[in-house]
Amino acid sequence: MYSRRGRLAFRAAVLGSALLLTVVACGGGGGGSGDPNGAATLTYLTHFNQVPGSAIEKKVVNAFEKAHPKVKVRIMALQSGTEFTKFQTLASAGSPPDVYLADSSIMSALLSHKVLAPVDYKAVGVRDKNALESQYISGVFDGYTVDGMTYGLPEEYSNYGSWVNVKAFKDAGLDVPTTWDQVCQDGSKLLRKKNGKVVQEEVALPTNLSVSQVYFLDAVAREFGSPLFNASGTKSNLTSKATVNAFTMLQNLVYKCNAAVPSLNSSTQGADRLVFGSGQAAMMFTGGAWYLGSLKQQYKAVAPPISAAYPYPTTGGAEPASESYGYAWVVPKAGKNQTLAWKLAKALADAGNEDFTQMGLFDGRKSVGSSKAATSQPFWTSVWQPALAHSSYAVSLANGSQIDDIIGNAFDDIILHHGNVKSALQNADKQVQPLLNQGG
Amino acid sequence: MYKPIVLIFRYGLAALLAVLLLVPLVWAVSGSLHTNSGLFSSPYQWIPHKPQFKNYSSAWNAISFGRELVNSFVVGFIIAVVGVALGQMAGYALAKRRFLGRDVIFWSIVATLMIPFPSIMVGVFIIAKDMGITNSYLGLIVPGLLTGQIIFFMRQYLQGVPDELLESGRIDGASEWQIYFRIVVPLSWPVMVSMGILTFVGSWNNLLWPLIVVQTQSLYTVPLGLTQFSSQYFTNYTAVLAMSVVAIIPVIILFLVARRRLLDSIMVSGGALKG
Amino acid sequence: MPLIGAQPSETGLGLGVQRRRRAGRIGRRTGGQVFTLALILPAVLYFLIWVFLPGGYGLYLSMTDASLISSPQFVGLQNYQQLLHSDEWWQTLWRTFEYAAEVVVPTLLISLVMARLVTRCRRGRAVLMTIYFLPYVVPGVVAALVFELIFQRYGLVNSALHLSLAWLTNPSIAMYAISIATIWSMIGYYVIILMAGYQQIPGELIEAAAIDGARMLQLIRYVELPALRPTLLFCTISSTAAVMTNFGTPYVMTDGGPSNATLTLPLLIYNEAFKYSSAGLGEAMAMVLLLISLLLALFQVRVLFKGR
């Protein structure tokens, strides 16, 4: 009796915990799976984890679920910049997301690992490749095309420019600078201190977000004579004279011109955008048309007309240069419901179109570019449209995220720590060499 | 015997250190009621003029923090209960049973105490993936279930139980199961509770594993949710602080409730170091 | 019946008891083995599956070109050779030790002072212990987020100390900020452990020293520290291991930046495996971290169980 009760209790304990585990196991739910009845769960990996973007996507997804009653869509919204990490983890677990909003800079990594399925033209409602691409301005698909096959449906086609707090310049009796020399000269005039605290700097330089740092740095290096990498990504120009001059000029903004106080940046990603948004900087370089949305939503105090978009300052005479980048919906070929996945991508592209444009996100479609929503956006016709019309994608490097980190670190060292430009770049180049795209 | 000045110095220093340790927590509470710019005002206003209680409601609504609290709670609770139960069983076997390979097993388990999780996480992830439990509650729970620490402490503690006590049970004709449930479990109950609390707190605070194994927002735990608060476009500091304060509350309550027992058992394990 | 049956039943009872005892003993022996197995098997299986198997698999992966996306190819010791020639690796290894030293030394000194104070403050001891231990239960992520904010350029630390340091964006001091946050998070545990050590010191020893007229410093130097030696060694080694494998604090506060100034081993391993698709190289790093930890463990075991 005694013994039996003991055993019973023990069995009950073991059974209980097993049961508990089973319960939570079922609660967890598996990945998306195919079903003969057409019932399916699609997973969607995106970087819109905050309003308004997240709200737009939720709306589209709800409508999609209504149109396909047996289909459930699970949105995975991750902090921007961490999606690729998550994608790799998911893919390695054999359950990649069915639809993934991928950044053009990582396309090369995705394509070299051969994990994507080409666009399903029927599912996105067009006859063929030409029919789809003729709807967009030229070049938009270049970032998603390899060997004549297209792998992405564009969500955003964008580039960076300067965002300028026009009022700050006006208050100091200055015009908005168009050359880097002017930026340097205006530095001290815009530097404001209060009780020893810097309350305003002229320019916020980017730190801690290597992707955006590299887009900016590449543009500046181009103005000084050569891009950071050759077009195929097999050769680095990090130690070239142009790059050294560009980085030296930016370092001087901090240590000679009093134009930038990068230590105002916090350690969060994209801190320069925060500094500009809080009114502490009169100029910022890592924003595209979409930054208007951030200004209107979160930084109302400096939203237009206080601020305005301009092309980058130049070296004088040279064209302002800024490579474009984009996002596109891609479908991993390991997915079980690829047709459905492309339909979801199409739904996001269509229904979200108007709303995304309101946010300043432009997907590269001709019709959208000349739509009322777009042309009524401030600076669209004056700044972004002309710049996008003749820009092309930045080089896509298979080891891009690592290379970006290396260059970002070198730049952080140069502007935050007054590091020697030449040796910092040489050191970065040494690390980058083995990671470049292999020839061919 | 003691001079008053010694006492004043002693208590003064003790209080000063206590205040220094509390400053970040008090600041977090105070900051969670500020505006984003008020956080960086100088001199800092410890009690904001206009406390922004809406920071809490807006942060709570912005992400599904309630869901995250529940997830963390469920995961932590199961890990604590199952982990401590298994650990206590193994600890008893290692302390009081004789069997082949006992020492090898004991030392292998002690060695796992020093295996840092980052050094095996890729392997753990791949095994979880092969079992098909990534991105599920099971995936959050199972790989973190048992630690060498629990077994080690349980064994050390149960070694102190006199053999005569168990032997008297045997003489009375009780089976090993009866001895286990009637004598051993009640004896180790206090240590089990404190190990359970420490395990729960450890799970509640764990960031790295959930970061790797979880993909869906509905499975996020509290630490994971907190790191998702900032984006490269906008960081809402006060919302982060508000949810941080919410995240601290459960563990602090748990600690205050079980304070004496918890500290005592850590002291016992620390005292055992004399060997 | 009763009469006839009485004797056999008596003997029968006697025999029965004996037989049952014997059977019981045999049954207990096999039952006992089943019992022991039931106790220990779950734990053994758990550690085999979730610690030793991943460890072994990691060792294998470290000799492949594994990325999480594609299947691994064996490459021998190539990853280890790459580490030998990588400046970043050596810098990170060194930085990790630096981080450990920056945290462990102050943690032990301060917690020693705290433990001594608490042991000697008879009144209010419970309150002090509670407060000193409190930070230890605060989630590491929360601690890191709070410290990230108070270490901002215009945050609490600078405004209270009238400094103007860019704690988290200046590569030469960022590690200090991270170390301070780490110390805050772990100090409570060591205060309690050291208090236990203090309580083990026989009261007569201290009284005798007091009668001899020993001053505080002499007391500490000749009585307390020698008595605390094993406890202190335990604390040193376990806190070193804890700091070297700490992921959350640097990840949240700076993510290894600025300019890799706070990039420690766990972060680098995470980046290689989950961000740069080089799980093979990451595992080679992990194996080195494992080796370091096991050496520390060996040392700790020898210290703890010396003379046993």
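So that you can tell them apart, the chains are marked A, B and C in the order they are listed, and the count of residues begins at 1 in each.
Methods note: contacts are C-beta pairs under 8 Å (C-beta built on N, C-alpha and C of every residue); 3 or more make two chains touch, one makes a residue touch a chain.
Keep in mind that what you see is a predicted model, and the values were worked out from it rather than measured.
The most distant chain from subunit B, with centres taken as the mean of CA atoms, is A.
The interface with the greater count of contacting C-beta pairs, when B-C is set against A-B, is B-C. Put simply, the C-alpha centre of subunit A and that of subunit C have 38 angstrom between them. With centres taken as mean Cα positions, subunit C sits 13 Å from subunit B. Each chain gets one centre point, the mean of its Cα atoms, and the points for subunit A and subunit B are 36 Å apart. Annotation for subunit A: residues touching 2 or more other chains are 89, 92, 197, 266, 268-269. In subunit C, the residues that reach two or more other chains under the touch definition are 68, 152, 154, 274. Residue positions 42, 126, 142, 175, 177, 180, 212, 227 of subunit B each touch two or more of the other chains.
Only residues 84-85, 88-89, 91-92, 109, 113, 115, 196-197, 207-208, 262-269, 399, 401-402, 405, 409-410, 412-413, 416-417, 419, 427, 430-431 of subunit A touch subunit C when the two sit together in their complex. On subunit C, the positions that touch subunit A within their shared complex are 67-70, 87-88, 148, 152-154, 164, 166, 168-172, 174, 253-255, 257-260, 271, 274-277.
Partner subunit B is touched in their complex by these residues of subunit A: 2-3, 6-7, 9-10, 13, 17, 20-21, 24-25, 27-31, 43, 49-50, 74-81, 86, 89-90, 92-95, 195, 197, 209, 212, 266, 268-270, 273-274, 277-278, 294, 297-298. Taken in their complex, subunit B has these residues touching subunit C: 10-11, 13-14, 17-18, 21-25, 27-28, 31, 39-40, 42-44, 86-87, 89-90, 92-94, 97, 99, 105, 108-124, 126-127, 142-143, 145-146, 148, 151, 173, 175-177, 180, 201, 204-205, 207-208, 212, 222-223, 226-227, 237, 240-241, 244, 247-248, 251-252, 254-256, 259-260, 263, 266-271, 273-275. Residues 24, 28, 31-33, 35-40, 42-44, 46-47, 49-58, 61, 68, 110, 113-114, 117-118, 120-121, 124, 126, 128-135, 137-143, 145-147, 149-150, 152, 154-156, 159-160, 184, 187-189, 192-197, 199-200, 230-231, 234, 241, 244-245, 247-248, 251-252, 265-266, 269-270, 273-274, 279, 282-283, 286-287, 289-290, 293-294, 296-297, 300-301, 304-308 of subunit C are the ones touching subunit B in the complex.
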